[in-house]
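Paired with chain B in one complex and with chain C in the other, chain A is shared by the two complexes that follow.
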Partner chain A sequence: MTEGKKFHIQTILLGDVEGIYLTGFLDAHTAPKLEKVIGDLIKTGKKKILVNFKNLDYISSAGMGVFMEFIESLRESGGDIKMSEMNPKVFSIFDLLGFPILFDIDKEDKTALEKFSLMNRHVETT
Partner chain B sequence: MFLRQTFKLNKNFLFGVSILLFLLKMLCDMLFFTFYKTGEVYSELINIILSSLIISCLAYYFFRDFKSNIVQSEETTFGVYSADLLRLMISSVIMLACSTFLPESITYGGQPPNHISMIYIEAVAVYGVFLGFFLIRFLYKWTWINRHKRTKAHIKIFIITLYFLLIFEIPGHFSRIGDNDIVHSQFLSPFIIGLEVVVFFVMFITTKKNNWIAVLPKSEKWKLVMLSLLAVIISVIFTGLGFYYKTNGRLFNAVFSFYGANSMLSWTFGVGAAYFLRILFSTIASLPTSDIISRKTNELKSLTYLNKVVAGKFEFNGLLDSVTNLALGATRGNAAWTEIYESDGNYSVVANRFITDESIRFLHEKTELMQLLMNNDEPVLIESISDYSESDLTAFKKANVAKSLISIPLLNSGVRTGTLVLLHFDEYGFDYSYLSLLSAFRDNISLALENSHLIEESIEKERFKKELMLACQIQQKLLPTKIPDLKNFSFAAFSMPAEEVGGDYYDIVCLKNAKPCIIIADVSGKGMSAAFYMAMLKGSVLSASKESSSPAELLKKINSSLHKSMEKQLFITMAAVSPDSDTGELFIARAGHTPILIKRMSEVEIILPKGLGIGLAGKRIFDSNIEEVKVRTEKGDIVMMFTDGILDFRNETGEEIDIQYLKQILEKSVYNNVGELIDNFRIFTEDYKTSYSQNDDATMLALSFNGLLE
Partner chain C sequence: MKSDYSRLEEMRTVIRMSAESHGFANDAASQIALAVDEACTNLIRYSFPDNNNVPIQLTVITNNKEFIIEIADNGQPFNPDLVPPVDLEQYRKEYKKGGLGIHIMRSVMDDVVYKPATGKKHHNTLRLKKYLA
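Then we have the complex of A and B:
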């Protein structure tokens, strides 16, 4: 068992979007766990990933780096990672870095999922 | 010192004196002989006196400082012993040989036939005295060297008794003058014989413990048997001289002419007989156990050597090679090999003696041998392979590679890492006593293997530590050592890395137009990789600053040059502040970094210009999302920049330091002097660090406007 703060990932399928629900602390120790989960999802062909931060208490630069790792290639293949339900403290960390410019960060899952379905339509029309 | 000098002088002096006395005696004898006065009382007297003096001087000469000489001599091996004994034997044989040249017509107490033979007889007699002294020296020396706690006393008794014998002989001679034998035969003679018996007995006891004989190798024992047998024979011959004075032996008669010589010879060799008899018996008695003892000695030597090897060798393969050799030698096997097991289950032979790789491969692949040996982690001994019936070894028996076998498993921290196999071409070539020896081997080897492992690890760690220190030293050079003077502004900074090397960076660079620009940066992560990026960043900063005229432009250029070279998950946060010394204005740009605080009068404003972290996006997105802010300052205003490592610290009450907290500190501060402000913060964080661990690199910069110089 690794020392340090607790971190937990739960994945739920929301239609054609894979929902990742984070709990606890995402730092240099626990980031590899998230990295593996997302990596495995992408390997199995999942393109749409929604990360829910409702129960996440803390994130460090290592945690943020995990998203950066996958986003470019995912978007190139027509997918995306969207984020939702961040608490103010966590959001301010993302905001400081300018993540809202790069990622959709929504207050609710619902709006994020809507954006995903818009993506579909966009793809269909082109 | 002077006294010792005189004693030394005395020794050689004494020898000279004895020579002189001997010459004098020869002269007197010649004279008496020539003038037929040998039978006279006075000639006898002179004879006796001179003889006794000569013997006394010689005794003193031989035995003064003798003990200290033995103690000082380093060589006490059997080789030296046998050489000494051989010398003694040869000297004795010379004596016997010389005696054949003695004139036939010597009679007991009678006249020698002529002058020449008289001289010869005298010489032989004196040689006899010397021989006696040689023997005593030999006995004294070697009983002393091989002494035990009880034999020490015996040796002392031996020496003292010898002195007495010497002394009491003298009156005995006097009593023979004029055939006055009564005193001699009634009192002195029994007394002297009594003393002789005592000495004989003492010597016999002294030679009781002879442990040094037991450990000699067989060949040397036989040599000792021969020598001591010869010594016994010679001793008996010379002792016999003392008892057969009735017979007219030439040697005896000759020796008798020199007063004291015959007794010297006979009782020293009598004692010698006791000694050599004892030695002879001890040696013969220890012959049967020679083999076992030499084997045990061999085993002990192997173990000692193994320990040395194990303590001295850390290199794994070299160690196993030595161990294989040692085991083969200690067990007197015919062939051996050591194999090591890889993580994939394969084996590799790291050492083999007298058996080829092909044969070993054959044994692995075509026989049941290795299955048996890998069955458990215990040593295996098969005394006779052909008789082995505990498990099926048909193919192995058929292969007829060996008749006897030992296998020692090698363990490293409890895991079976290898096997040492020893083969013998004779049935029962190996027996159970080797097994216990080899079990000791096995334990030592396991220890050595673990040590080798640990040492290799620790060498790695040392190397890593050294590299880290080097990186730290290099990194120190990246931070500014001297803060350039900023016109109308004061600047102070402190930076505390969390580990030996950190990811925080700050600098003051010159933009185009020589405008100063203060930058602060935080590389994500910490340790070595962060340090590398920091170095890369500095390079980028220095080249970009020459092409930029504003902080925002600087950050854009840095992002352009670094974005592609950085790993996807890494980014750098930066902030740049460029003061205009002529106007007191500040131009501020921020790339994902923590906010900049400005204290004006008693209020603190939080400045947060838009901007992405460096490395997160390409030129297009980064450049279009960064903004530059212009801020006016008054004299006394302070600008504060920091990295988020500062926010990890807690104050005295355990509260986290957040932006609001910093704001409050700045508001409440009465610092005009940025140096003081920074120092206080530094002290606070240093105090904190002694009680808690620091998670992230912490840096703080402070810039104050001193007003325009009029």
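Then we have the complex of A and C:
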């Protein structure tokens, strides 16, 4: 993984899903910033979060810990964190920890958004 | 490096370049840098959480067979060997920090050896070893 891009988080509302677009690297230094962004979104009532990894070059367990921190309570309240466009190197680190079993990792935003809308339909019919 | 998370990025670049100069391919060099990141992160988190100015000594030791990164510190000993292997299923159910990093180190490196400071040796050392092809 060649790094060099400065860490940056961009949030974009995609319908009723909050999109978080990561750039750079997610390590013990930058992870707290992501933790704050996700924590703040959840506090404002957001439950559907899509994290796009297209421009993320590196992740360590500190970064993965941020997702672990929120996933359980979010799912219990009917929400989810989905992930998209992960490059093979970042994916291999997720894979090392068995995370693909726990997290929905899609190739494109579109697929993840479709899954989120299916979640809506499920809620409506029950 | 100083016990400051902001130094990790620079450290990873140095370790990666060192690994590549010893013949490791890009992917392997990146994994080695990740393992060292995890080790340093745990060290800062558990030994120096309130002080970002403590020196952590990183040394690359190589011979024909091995590429070793030695991480030395003079804090309270934290022995990763005492952390039991992570049951990932259990971990995912009971999220705890630190254990994931040790799992990564053990998965990526060929050997992880911790030696706490003794009377003669004032530093704790953690050696991460990867065999050269």
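One rule holds for everything that comes next: the second predicted complex is superposed on the first by the 121 of 126 C-alpha atoms of A that agree within 3 Å, B and C clash if a C-alpha of one lies under 4 Å from a C-alpha of the other, contacts with A are read in each partner's own complex, and residues count from 1 in each chain.
Simple rule for what comes next: contacts are C-beta pairs under 8 Å (C-beta built on N, C-alpha and C of every residue); 3 or more make two chains touch, one makes a residue touch a chain.
Note that the coordinates shown come from a computational prediction; the quantities given were computed from them, not determined experimentally.
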**Request:** Mind working out whether A:Phe25 is in touch with chain B, chain C, both or neither, as first, second, both or neither?
**Result:** second
**Asked** Just chain B (first), just chain C (second), both, or neither: which does A:Val66 touch?
**Response** first
**Message:** In the overlaid three-chain picture, which partner chain does A:Gly98 touch, first (chain B) or second (chain C), both, or neither?
**Reply:** both
**Asked** Which touches a greater number of chain A residues, chain B or chain C?
**Response** C
**Prompt:** If you stack the two complexes on chain A, which partner ends up touching A:Glu76: first (chain B), second (chain C), both, or neither?
**Reply:** neither
**Complete:** Check: chain A residues flagged as touching chain B and also chain C 28, 61-62, 64-65, 68-69, 72, 96-98, 102
**Request:** Could you pull out which chain C residues touch chain A in their complex?
**Result:** 5-6, 8-9, 12-13, 27, 30, 33-34, 37-38, 41, 44-45, 88-89, 92, 95, 97, 100-101, 103-104, 107-108
**Asked** For chain A, which residues are in contact with chain C within the complex?
**Response** 1, 3, 25, 27-29, 58, 60-62, 64-65, 68-69, 72, 89, 93, 96-98, 102
**Complete:** Touching chain B in the complex, chain A uses residues 28, 61-62, 64-66, 68-69, 72, 96-99, 101-102
**Prompt:** Which of the residues in chain B end up touching chain A in this complex?
**Reply:** 524-525, 568-571, 573, 592-595, 610-613, 616-617, 621, 625
